[in-house]
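Labels A, B and C are assigned to the chains in the order they are written; within every chain, residues are numbered from 1.
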């Protein structure tokens, strides 16, 4: 019973802060609401018996990626700019199509929802995940590490472009 | 609601009260230790007017904090300015929940009393997750103060904290690899007992006594200074350079919250260092019996170890000069991160060859 | 126990909010944040189904998705910084040099 209360409370938190990301004009407030939303999602993962992933969600998403977003927002001095209003046509079309899409999704999910849960314990701690990863998923694991290396090199190169341009101008 | 274990709930409440009380009392005690300790190192008397040996100085400081005027800068973002100090307290008060502070012992009713608030499987990941939340307090404080020195200090401090979180995590992984589990009670149980060196010296089986972990200990120890923004890594709140960094515009209780969260983070880091490397609650060369006496002695041993580490924090602050910011970042990325990774390889080698 | 389709409905709501944000906003970084929201909604679906069928493959997928989303965020933000240095605005409607 108490897990239902926790589910509804944190689901409401996640949805409300996600809506604030979309509706608020200031990007810093949007980034911080997204952090709150990610934290609520981490609680959802705990309710789904995956505590390892909940901790990873907070460490990777809320603790690293969103800090990167905040740094970029502050680096580009966007915190004081309020963006101009979108054209009403685009707003109307955007809201209606996404609402239609969302309502269709929710309708079909609620209609064909599977309610029977399998019994038994779901073992999902770090040891099981680690063993499974190094048994069956070792190739994607190594690929992801090379991908992260490529991303680091790419990010460094892309954000250095302005220094190269200035050097070409002065030389 | 049937089937609630009231005894369990009561014991949990007692544990929470004890740990919360201990954490909240760390700040006044550390303020006194800091001021008298710095005076000792600098060969001057220190506060000795308020009470014997200046022991009531912390009360006077607390009273001053409460009675000062609580300001709000005109251009500041009111909501974020107010909640930023609260984010600083989150890692300080919540991460201590997964650290074991005594030996589990049997209560008279046959129930096992585990002196840890939350014995979860993923113990140390919770510490890393909640420590990442502490960065937001600094970023929000720097941004919401509408002051460019605060913004610079905030960005620098949070960049420093993120960089050193990496080497902290990787250095802790070495101790976790040896224990084979993510939960801290398992790490401490692995360090009880002793091993014999060269057939002559009997050493307690603490992680710090095995050569595979020396690099990890140094990396973790120094990174914990950088995580808590203590000298020699406090460029972001240096008095001479940036006024007071990200808490320039804060006064009275909000500043007191930042102040308290720094000392509480120091205490949590010291508790973590003792748990991972110094054997936690283990008393060296002594097998604690699983009763109340063993529990009390183990708690005393834990408190002594944490206190020694806290004194070393204060000692280093008044001895070593401050590191310049680019040297600080170079040290974090180019020295500590490779050293921590190399140490993981060394520990893996030791485990494979069964030397550990 | 909470039925799985409640989690799926929550995931659908978050995905819809993300789609709405991508279609309606003009600030490039806000659009990127809504994309991250959509990715997280899909992660929630993966974990819900992993619990439903007691299979750990869903959790491993989420692990890889998180790693890839981190790489994508780094490169995407670097692209935005580069765009900002050239056009001095982060409005995506202004990135229109290739429009006829």
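Rule of thumb we're sticking to: contacts are C-beta pairs under 8 Å (C-beta built on N, C-alpha and C of every residue); 3 or more make two chains touch, one makes a residue touch a chain.
Computed from a predicted model, the values in this text were never measured in an experiment.
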Subunit C reached from subunit B - shortest hop count over touching chains: 2
Comparison of A-C and A-B by number of C-beta pairs in contact, larger one: A-C
CA centroid of subunit B to CA centroid of subunit C, Å: 34
Inter-centroid spacing, subunit C versus subunit A (mean Cα positions, whole Å): 6
Whole-Å gap between the CA centroids of subunit A and subunit B: 29
Where subunit A touches two or more other chains, by residue: 52, 56, 64
Contact footprint of subunit A on subunit C as seen in their complex: 1-10, 12-21, 23-27, 29-30, 32-34, 36-37, 40, 43-44, 47-48, 50-54, 56-57, 59-60, 62-64, 66-75, 77-82, 84-85, 90-91
Parts of subunit B lying in touch with subunit A, wherever the complex brings them together: 1, 80, 120-122, 125-126, 128-130, 132-133, 135-136, 139-140, 143, 151, 155, 158-159, 162, 181-182
Subunit B partner contacts - residues on subunit A that touch it in the complex: 1, 28-29, 32, 35, 42, 51-52, 55-56, 58-59, 62-64, 67, 70-71, 74, 79, 125-127
In the complex, subunit A residues that touch subunit C: 3-4, 7, 11, 14-15, 18-19, 21-22, 27, 30-31, 34, 37-38, 41, 44-45, 47-50, 52-53, 56-57, 60-61, 64-65, 68-69, 72-73, 75-76, 78, 83-84, 86, 90-91, 93-95, 97-99, 101-102, 105-106, 109-110, 113-115, 117-118, 120, 122-124, 128-129, 132-133, 137, 140, 144, 147-148, 150-152, 154-156, 158-159, 161-162
